[in-house]
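Before anything else, here is the set of structures, which you'll find just below.
Two complexes, one shared chain (chain A), two partners (chain B, chain C).
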Partner chain A sequence: MATETAIFEIDGVSKSYGGVNALDGVTLRAGVNEYMSLLGPSGSGKTTLLRVIAGFEVPDSGRVYFEGRDITSLPANERGIGFVFQNFALFPHLTVRKNVAFGMMHGNTRVSPSEIDARTQSVIDMVGLTGMEDRGVEQISGGQRQRVALARTLVMQPKLVLLDEPLGALDANLRGRMRNELRAIRERMGVTFLHVTGSETEALAMGDSVVVLDRGRIIQAGTPDGVYSTPASPAVAHFLNRFNMFDGNLSQGVFTGPFGAVAVTHATQAKDDVYAIRYDRVQVQPLGAVTSGPALKATYIASEYLGSSVMNYFETADGKLCEVEHHLSLGAPETYEPRQQYLLTWAADQAIVFGKEGKL
Partner chain B sequence: MTGAIVEAKRKGTNWLIVPGIVWMALFMVVPILMICYVSFWTQTTFNISSTPTLASWKQFFSSDTYIGALWTTIRIWLIVLATTFIIGYPTALFVGLFVKSKTLSTVLLVICVIPFWTSFLIRVLAWRPMLGKEGAINIILMKLNIISQPIEVLLFTELSVIIGMTQIYCVFMVGPIAFMLGRIDRNIIEAARDLGAGFGRIFWKIIFPLSLPGVVVGAIFVSVMVLGEFATAGALSGRKVNLLGNIIVTQVGSLKWAMASVTGVILTVVMGIVIAAFLRIVDLKREL
Partner chain C sequence: MESRTLKPVLAAYLVAFILFLYGPFFVLGILSFQQGPDGGPQFPIIEWSTYWYRQIFGLTPPSRIAPLPVGEALVRSLVLAFMTMVTSTVLGVMSAQAFRRKFRGSTFVFYLIVLGMMVPGVLTGLGTSLLANNVIGISRHWYTTAFATHVAYTFPFAFLVMLAILNRFDGSVEEASWSLGVNPWTTFRKVTFPLIFPGVLSAMLFAFTLSFDEFPRSLFAAGGTEDQTLPLAIYGTFSVEIHPNIFAFGVLTTLFSFALLSVYGILMALSVRRARKLAMQEDIA
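Here is the complex of A and B:
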């Protein structure tokens, strides 16, 4: 069962809606003072998982433990787990201050009025809403609402905060800033955050650990670095959105794909034979260049400037889109001629190969 | 530039309200002014002349019958407002908030409206065989040996008027409240639960305040209709309950136009005060 180091633990939780499995035997644990991100496409069950932990949904089977206690059948208002909603779910008829103080004023723990005032003010100051206390929540911006939602949850001093795509409703600029603030606030409070997101960059950037969910099952869990550099399955590599993936055939240590037959030193056991190479590990060479690694002919289509890097788009002979990322820290980008053919090449040992054959 | 576009749009769309204004002016504003004017006319037994006088006004305020009707109207209005709210709010709560499927809640609201498929008079008169001395309720209670003598206060009393009006007007309370409750974001209620609030606190601090605009709209509907009522009282009170509406009907029937006008003006003023008071409770412009 739950040990002292785990703040929460879910054990074999399943939940289905009308015959469709939203969660299929999920087992997961998070430690004290940890930032865990939960990555998955929409419909992967990540929101359902969060709602089961919060107590808004009752699992069909499996148990939920919080601080070593079985809370599977405890109502949500007695769990003491914070929840930050994607749409913030602020109380529209209350001011910022009253929203933040709501849990202390109407919750099941008695807090003295002077303590309510003090805690409300200090958390409002912490999230940077000083001076906004008496505004209505309809009169403040999206970023400020996000802060109210966070303050309202944090003021209850929960040990575990669940965040359901908390940055999804914000624009890109604000999202970047809130990422840093979320991490800073979490570190200051020493609570465990379980952050659900559909964005792979968010999941990798924010989590001390990353859990990848697909169709109600956990398909990989580990450090961001571990998940990023060694995805456990083609599905994980696909969600990370950082890999050119080629279908082919792995047989006796040789992968045959659109780029020909390549000797493979290492392959991960998987249902399908897939060859994945990271966007930033691909080099572009003129046609006819001598290459040491695998090479694939492709037509240059367009490029996209991303600030710190340039993304070049190529199309292979069979119509597949390949992306090549060039980090600008490595020097000025090459310019390519549209509709011209180039040779895409990479070092064979940097590819990640999945196959039915598995480890070699 | 944008100002010019807005201006052009306004010119293009202004005519849309012309029919409404013409209609309201001809059939509401002018008649109300006429009623005010006629209330100062001189009434003789068989005739009325436009010589200005305060006689009808003095008569209204010095007569126990008329003043009594005013107080009866206000008393019945307040009671019916309370009963429609007490019965209507829980119904609306169920239909608007606890029924998760939108289709089912629409079906339930339509069911509430089914009585309106028959005429108003039939709905009122149908209470007679229900409430009468030998009516359905008395028969059932006697068959079950709960009572030995029929309950006579059920029909042709103020009680029967209140029962009838509550049944007829309850749906006007349920509709607006259910609509407002249906618009509450379920995440807000979950957020309150997550912050540790039990159902009672969530109801009084979140659900009820957010449904208040619906309560106000429903109360205005019910008030306007009950204050102007005469048919239910006429059919179910055995002429024992006289509302301002019944006074107007009687006076018009005996061609006492001036007295009918005085009563009409007083009724309009009462309604105006009631509506204004309700609108002060909540800023509908902001809420709807």
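Here is the complex of A and C:
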């Protein structure tokens, strides 16, 4: 994407706390009207990155640009970047209406009282809090607080909104609903959202683009589909939590693992030799079956019903847990005998192989 | 188990302790209703009367016992306590704010502040008076030298109270305010201050009451008779002869303190109730 359309840009930002690198040379760019998800385990530096963009933390090195301006040393209140906190951080001593109007009443830009009233009311209506304007923020539910936090930020009409795990404090049901609403609201307002999350499903479902962060570094950036189907490294694959991963040895196009030696057509360059196969790509066969692809002997342990699919758990000879997902749309699940051995098999071309001698 | 024997013992101890705490006050309270002007500061009560209360306010015919010379001293003490309260609380809030971030030498500054309540009052008072008279060469007054010693004494209390309050304060609401384009000073006025107000109230109460009955520092640092604070004036009357009017006055000042505490208690209860409602809501959410 061209530089003119980038709303913000981070260039080689590093930040450390007491010798520990929270951010290690992060470079990132997001376009106008984009929904970007920032995915990473806790401690990966994703919240720190958000706080650097917001201006709550000053980076040790690197620059931050917003709308083409260098804002690295600009105070947070002069940046015009919205921030939605994980704990919502509502003003507990104010009503819903006063919370929403706060930025317009006390902020840098003068807004006439009539405009404050109009904008406050319209954004309250938009997030569906009509009728709650005069409640204290302690008298409303978690989901409603989330909406107040969002309304308070959006009413300032920022070009960029940073969301720090905004759905983390909500229950699963509400999380699903707020997910859709966040997308809808963003599309209506035409702002860029940068959404930090520790949940891979949330990141894949919500972002136009996904950035995966690990130990202060960006380890992959791309579309949700791209990240999901071609993880750039074993760490990404592991974090997506959708792959059985086997350690082994890749040498001259042949991967040797617990399932024997398998010819590999292409591999991704990585520090370790790892063979990954998606949970739902694995088939279960009886022990004596003849298979065309790689096969691995494993003992059936248990299964878990997940609503739309069934997850079967197997244990290999060397004690490794393998998961096989069966989508119920493909028919009724097979039943397996506990403590019986089966053959796990898959098509060789569906595996994702990482290796020191990577080739594409 | 052991609480069966321990409980009555502790209860008896508590009763004894409370008697010890309030006994003197009850005795003074009873004696303040002694008959006047002939009744003395001792039992038995000759006749119950409010003579000494009326005498304080000059409502009795003149007698051989002079009215308490406390009127001006009371005003001085109230003004001084108010000045001290405002100054110490402002300083306490500001310095506790500064301690929210670690800075070079913060431990040293911390002990420097706390020193003000550790050093014996007599030394501070004497030192201040020597400094003023012999070194700088200015005269001592209740509103200059004594005021300075009162601030040095009460500021650490206000500081420690605010430090404890700000320790538990979640700074994310301030960051939320900044991100809405509100500058740090307005953020402090509109967000931080309303939320730490219960603590500020405690700091104010501490500073006011400590200054109001401060004795050793005032003794040296305040000037002559025209600079006497209330504790000094009362002490001055002891050296002549004690009459029940002192007790009546003591009862009145105690009632004043209780009134102050009640206002504080009501304000505190209001903000605690709000905080509790908030906490409850968070449990549900």
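By our rule, the second predicted complex is superposed on the first by the 357 of 360 C-alpha atoms of A that agree within 3 Å, B and C clash if a C-alpha of one lies under 4 Å from a C-alpha of the other, contacts with A are read in each partner's own complex, and residues count from 1 in each chain.
In the analysis below, a residue touches a chain if its C-beta (ideal position, glycine included) is under 8 Å from a C-beta of that chain, and two chains touch if they have at least 3 such contacts.
Nothing here was measured: the structure is a model prediction, and the numbers come from that model.
Steric overlap between chain B and chain C is present once the structures are superposed on chain A. By the document's definition of touching, both partners, chain B and chain C, reach A:N108. Residue contacts after overlaying the shared chain place A:A89 against chain B and chain C alike.
Touching more residues of chain A than its counterpart among chain B and chain C is C.
Look at A:A289: by the touch rule set out above, it reaches neither chain B nor chain C.
By the touch criterion stated above, A:V58 is placed in contact with neither chain B nor chain C.
Contact with chain C, but none with chain B, is seen for A:Q139 once the two complexes are overlaid on the shared chain. Residues 54-56, 75-83, 85, 87, 89-93, 102-103, 106-109, 152-153, 156 of chain A lie at the contact with chain B in one complex and at the contact with chain C in the other. Of all the residues in chain B, the ones that touch chain A in their complex are 185, 187-188, 190-198, 201-202, 205-206, 209-210. Listed in rising order, the residues of chain A touching chain C in the complex are 54-56, 75-83, 85, 87, 89-93, 102-103, 106-109, 136, 138-142, 145, 152-153, 156, 169.
If you check the complex, the residues on chain A that touch chain B are 54-56, 75-83, 85, 87, 89-93, 102-103, 106-109, 152-153, 156.
Note for the complex: chain C touches chain A at residues 170, 172-173, 175-184, 186-187, 190-191, 194-195, 274, 277-278, 281, 284-285.
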